[in-house]
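Given below, in the form of structure tokens, are the structures.
In the two assemblies presented below, chain A is common to both, partnered first by chain B and then by chain C.
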Partner chain A sequence: MKLWQYLRLSAYETTLLAVFAGLFLLFSLTAPNFLSAANFRSMMVQLPELGLISLGMMAVVLTAGIDLSITFTAALSGIALAWCLSHGWPIPAAMLAGLVTALLCGAFNGVFIAGMRISPIVMTLGTMILYEGIALQFTKGGSISGFPEAYSVIGSGSVAGIPVPMLIFTGAILLTAILLNRTAWGRSVYMIGSNPTAAEFSGIRVRSVLMGVYLFSALMAALAAVIMTSRYNSAKVDYGSSYLLKSVATIVLGGVSIQGGAGTVKGVVLGAAIFQILSSALNLYGLSPHLVDVLTGTVLIFVLAVNLLNQKWKRAPRTRVPPPPEATEAKVPASR
Partner chain B sequence: MKRRWFSTLALALAVSLVITACGGGAGGGGGSQSQSSGSPSPSASGGSGGGSSGGSYQIAIVPKLVGIPYFNASEVGAKQAGQDLGVEVIYTGPTEPDAAQQVNVIEDLISRGVDAIAVAPNDPAALTPVLRKAKDAGILVLDWDTPAEADVVELSVHQIDDKVFAEHLVDEMVKGMGDSGEYAILTGGLSASNLNTWIDLGQEYIQSKYPNLKLVTDRIPTDEKQQLAYQKTLDLLRAYPNLKGILAYSTPAPLGAAQAVQERGLQDAITVVGTALPTDSGPFLEDGSLDVAVLWDPAQLGYLTIYLAKHLLDGNKVENGMEVPNVGKIEVKPDGKTVIMGPPTDFLKDNYKDYNF
Partner chain C sequence: MKVRLGKESGIFIVLLALFVALSFISPVFLTADNLIDLVRTNVVLGILAIGMTIVILIGGIDVSVGAMTAAVTVLLGYFTVAFGFQPLVALLVSIAGGTLLGLINGLLVTKIRVHAIVVTLGTLSIYSGFTMYVTGGSWINNLPAEFIEFGRIRLLGFVPIQILFLLAVALATWFMLRHLHIGRAIYALGGSPVAAERSGIDTARVQQFVYAYMGFLAGVAAFVHTSIYRQVDPNAFTGFELQVIAAVVLGGASIMGGRGSVWGSLLGVALLALIGNGLTLARISSFWHKVIIGLFIVIAVSFDIWQRKRQERRMAKIDVMG
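Coming up: the complex of A and B.
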């Protein structure tokens, strides 16, 4: 009963699912090798990096913020991890070092944004440049490589036919869903995004919730960094830099309101999956990569336009907090 | 409720239409690209990678980045080779110079089951795992333009000998400014490994041969953008009035530097030498704001890469001094897998019009 409720899709998510299914059907029929096991494995290896960064970005955008530093947080975390690995640290210790680095980056954002109320876009623009600079200074622009053989298992291994990156991503999806939907913190995130003043007056400790949001996005960046360093067998300043705006596009496609307050994990995952099958299939066709961008943009605008029309037709005011049964309970959070 | 379903359906339909339309359009307009995406291509029906049933090879050539003049020129050469040799050339790559995106493109090429992949790595180390995967899938792996890690490729196609090229650039600058004085270095990006190689080799050469040349400041990154190179050069000219020479690496950087020199009217006082394409350099070569552009012909490089890929797929070996049509004699290093296309080409005021890239 509970599970069924959990899997219920909103109107917008149904649209997304339909688009996904439509594209999937089309590509299965027309794209060479799309239905092959090799392609599915390959897509499951490609998807998690963007997916993880999108989940991190999503949490921040839900509070009406944005984290422009997320990809360079991942880069810096990856570089710390890579440095430790190449200096003979055991793998878990190196991963911990990467995690700590990312969390420091996230905490730095958090202190200024939550504590000093600096606008998130300005602050993270600053830290984006700062983290890139630190990474560049540390690596002199080169890449760090020379990892133990065992480390490559994360990027290239699989369990029961499912690639390890996908398993990590699945874990992150569950974690995000639980944190956002089943905890007081999660409901506070939505509240702050909808109406920060009301959130403040209803007793939510806005500062610590916001701090948590930036730490969470850093955690996702750290996970993405683990996958990237393993898949690319090295770390470098600009690995994954192209994921920054793509992650914003992904969450917007996934139905997250850029003004904050609305958006679901299911939607974001569907959004990421749509972008992935789109780019893989278009590569399988052998289309010009510029067309891939054109079509990605077209799909994004189409879906958003249809969603807007949908809402107009229904003539219902846009509900900013999605209709969760527990929304009312969340107004009396444990943080009192 | 009804409306929602209607619109969902309409959307799915519309998206499908756009995609099929674009697919058909690109197939027709792309010259020697794949025939059409409307129907599954014959070589794809097998499923797993490896053999091509259609008789002609599918050779994928992956640049660092699509849509910049340099790689566009190499695409033309590669496609030409495809036509001449009767192989299907797939030219695809990342739209941003990010190794992550490049790895994903190669993942998809492996799924597609091409016969050979030639790649210009954005970062050699990052591509090693995915190239190894390609190799395990029975795909011939080559690098071109920029070397990948040596043990994952069957053949490495280089446009020039890095040392010869780096020293030639320095010699050209010294020809213009003399063997003493202040000079500065502009580069496309601090992490571009081929640019760094040339700069490092050039620096070593300067220290041993021209000790009186003085580098005024660290190498200046310009993000592969002419506009930024222009601004940074203006700053340079202001900060170092005695500057006599500029070495500009990456194709947009020399243009930006020359633009600044031209604007300030310092054509005679400052020697600008860099790696640029001849047609772009034309206006600056004319009035001497750019003294010489040194590069190679990227179209030839694309041609050579496809030619050699087919040569290997046919089961042949590459040999030193081998004659390649449209390219000439190539040099093969003693390791048997490093190919050098030829000496660098100087683009000067008198000859830049002879080139069409």
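Coming up: the complex of A and C.
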């Protein structure tokens, strides 16, 4: 196995890493308590939620789709899980119920998008409202709590000093990387994103691949739901709804092309990490969370603008977002 | 001769059925008070849906409408509290504020050349974050009495003044799309950007115009909204963009661009309004509203696709026989 090849960064990813390192250094020197154990812990607990949602969103966007319903899939899954827990189900059974709920949401999206070729934006806009409605109807706008003591271990426990959410996230990163880079399904995902017609004619079963993509994003939503319910010790409709915007911003920052076909897991993880230290540090500075929103949007637009200038500079004729040739190693092998 | 049923007439039939059903279910529904109130509370949604229609027509999307409108209501609130209320000046301030925000969107969309959903997600975050930071989330309750009086004006004794704004916006936009050069350019751009460019349309300028127009209407909507509710809640439009997009999609516009109309979108708004009003009158828990609206979108869109596929198949058959 040429493991080192997977760790090699493209030019764009190196830039991201440099930005991350630069911000890290800056905040270490200027933000009060940035280097404290408490801050590190809280960052490592918060990062996985955004990270998991972003990984799910990434897989969908790679096929030139989008999943606007992902955060409410997570909410609904968390509510199902919480309901089971508070009705005395054993923890694994409740988690399974949450997973099944999420997968049903994903399958519903998939049936219409893959089966009927409905535009993903419209379909997931509809199901976003639908899932939110079901969750609201179920909880009547309130929250569900009353979990067994043992369940809180997921959100607040740690193994060998590493918080459990971080371990789950690491597992999910590896799973996503393997699925996207080492399987036929993953290759098909990239191909459908870059040219759906060519993909179809080259014998890829577009429907089942797309279905898989929406199930995958539901799986990531379910994992995020487990962490969220455990961390808040309750479930509510709007937990996690702020991650929708942030996850799109994260993957775009991470170099995923919104038109599909290009993007790497490494980039997305770096993107999530940058947003996390940014929001933690601004919080430590005592900045209003609303200004953090302003800054998130500004960073997103700034990155897009820099990407564009970078492309123009290289005089590349309108290529996709991460232009460096190294990025293609994650794509379908070009020479065949 | 066969009557061709377009998407709009399909919605119209659903709307009519809903209307008749509601008149039977609830004695309150078919009263002038309820109907006028229904229109009045949906004027803002209507104005924004008209703007969103032309954004979607060119194959774009603007998810920052809610944030733009909220920002302008706050601007308008501060302005009238500080300088008093004069209808024309207040309207101009709203329009200027909205158009400025729309121009920023347009500038970014045309310059960055990334799908509009990403760019406007960014500006959504910026506009709403800024609005919340400035207000601290608190309401503006001390609007001048003249403003409150203005909002209560009823033309001919029964038509709320707000409805006039919706009518003006609808007619102006319809006229623009139908009879002005820019309108044809908008449809051309939505139908095929490449063909539009080759036929000499300055696509960047059309895009710029469309996003600015959306901002302009957000300004009008903010003015109308404030005149209805007589106070400013910076949170009032959180998530409102989804309702706006839902109305346009229900109204038969294609999210890929090129298809959609002012009247269709207004029918979409009417459908959303009737569903909401009907559920309330039928005493169905408001928690069901979103479930039903979500289902409606899914059904409407899949029905549309199903119908188009059937049509395509029929056309293919004719080809073979011809």
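Following the convention adopted for this analysis, the second predicted complex is superposed on the first by the 314 of 336 C-alpha atoms of A that agree within 3 Å, B and C clash if a C-alpha of one lies under 4 Å from a C-alpha of the other, contacts with A are read in each partner's own complex, and residues count from 1 in each chain.
What we mean here is this: a contact is a pair of C-beta atoms (placed from the backbone, for glycine too) under 8 Å apart; a residue touches a chain by one contact, two chains touch by 3 or more.
Computed from a predicted structure; not experimentally measured.
Because the two structures share chain A, they can be overlaid on it, and in that overlay chain B clashes with chain C.
Ranking chain B and chain C by residues of chain A touched puts B first. When the shared chain is aligned, chain B and chain C each come close enough to touch A:Thr298.
Look at A:Tyr131: by the touch rule set out above, it reaches chain C but stays clear of chain B. Contacts of A:Gly157 after superposition on the shared chain: neither chain B nor chain C is touched. In the superposition on chain A, A:Ile258 makes contact with chain C only, while chain B stays out of contact range.
Look at A:Gly171: by the touch rule set out above, it reaches neither chain B nor chain C. In the superposed model, A:Pro148 lies in contact with neither chain B nor chain C.
Once chain A of one complex is fitted onto chain A of the other, the partner contacts of A:Ser42 are limited to chain B, with no touch recorded for chain C. Once chain A of one complex is fitted onto chain A of the other, the partner contacts of A:Ile66 are limited to chain C, with no touch recorded for chain B.
When both complexes are overlaid on chain A, the residue A:Gly203 reaches neither chain B nor chain C.
In the overlay built on chain A, none of the stretches 129-137, 183-191 or 309-317 of chain C clash with chain B except 129-137. The residues of chain A shared by its contacts with chain B and with chain C are 136, 140-141, 288, 290-295, 298. Residues of chain A that touch chain B in their complex: 11, 14-15, 18-19, 21-23, 26, 30-33, 36, 38-39, 42, 45-46, 49, 136, 139-143, 145, 152, 155-156, 228, 231-234, 236-243, 279-280, 283-295, 298-299, 302-303, 306, 309-310, 313-314. On chain A, the positions that touch chain C within their shared complex are 66, 112, 116-119, 121-123, 125-134, 136-137, 140-141, 245, 248-249, 252, 258-259, 288, 290-298, 300-301, 304-305, 308, 318, 321.
Within the complex formed with chain A, the chain B residues making contact are 3-4, 7-16, 18-20, 22-23, 26, 30, 33-34, 37-41, 43-44, 47-49, 66-67, 90, 92-101, 103-105, 107-113, 123-130, 133, 137, 189-193, 196. The touching residues of chain C, counted against chain A in their complex, run 61, 108, 111-115, 117-119, 121-126, 128-130, 132-133, 242, 245-246, 249, 254-256, 285, 287-298, 301-302, 305-306.
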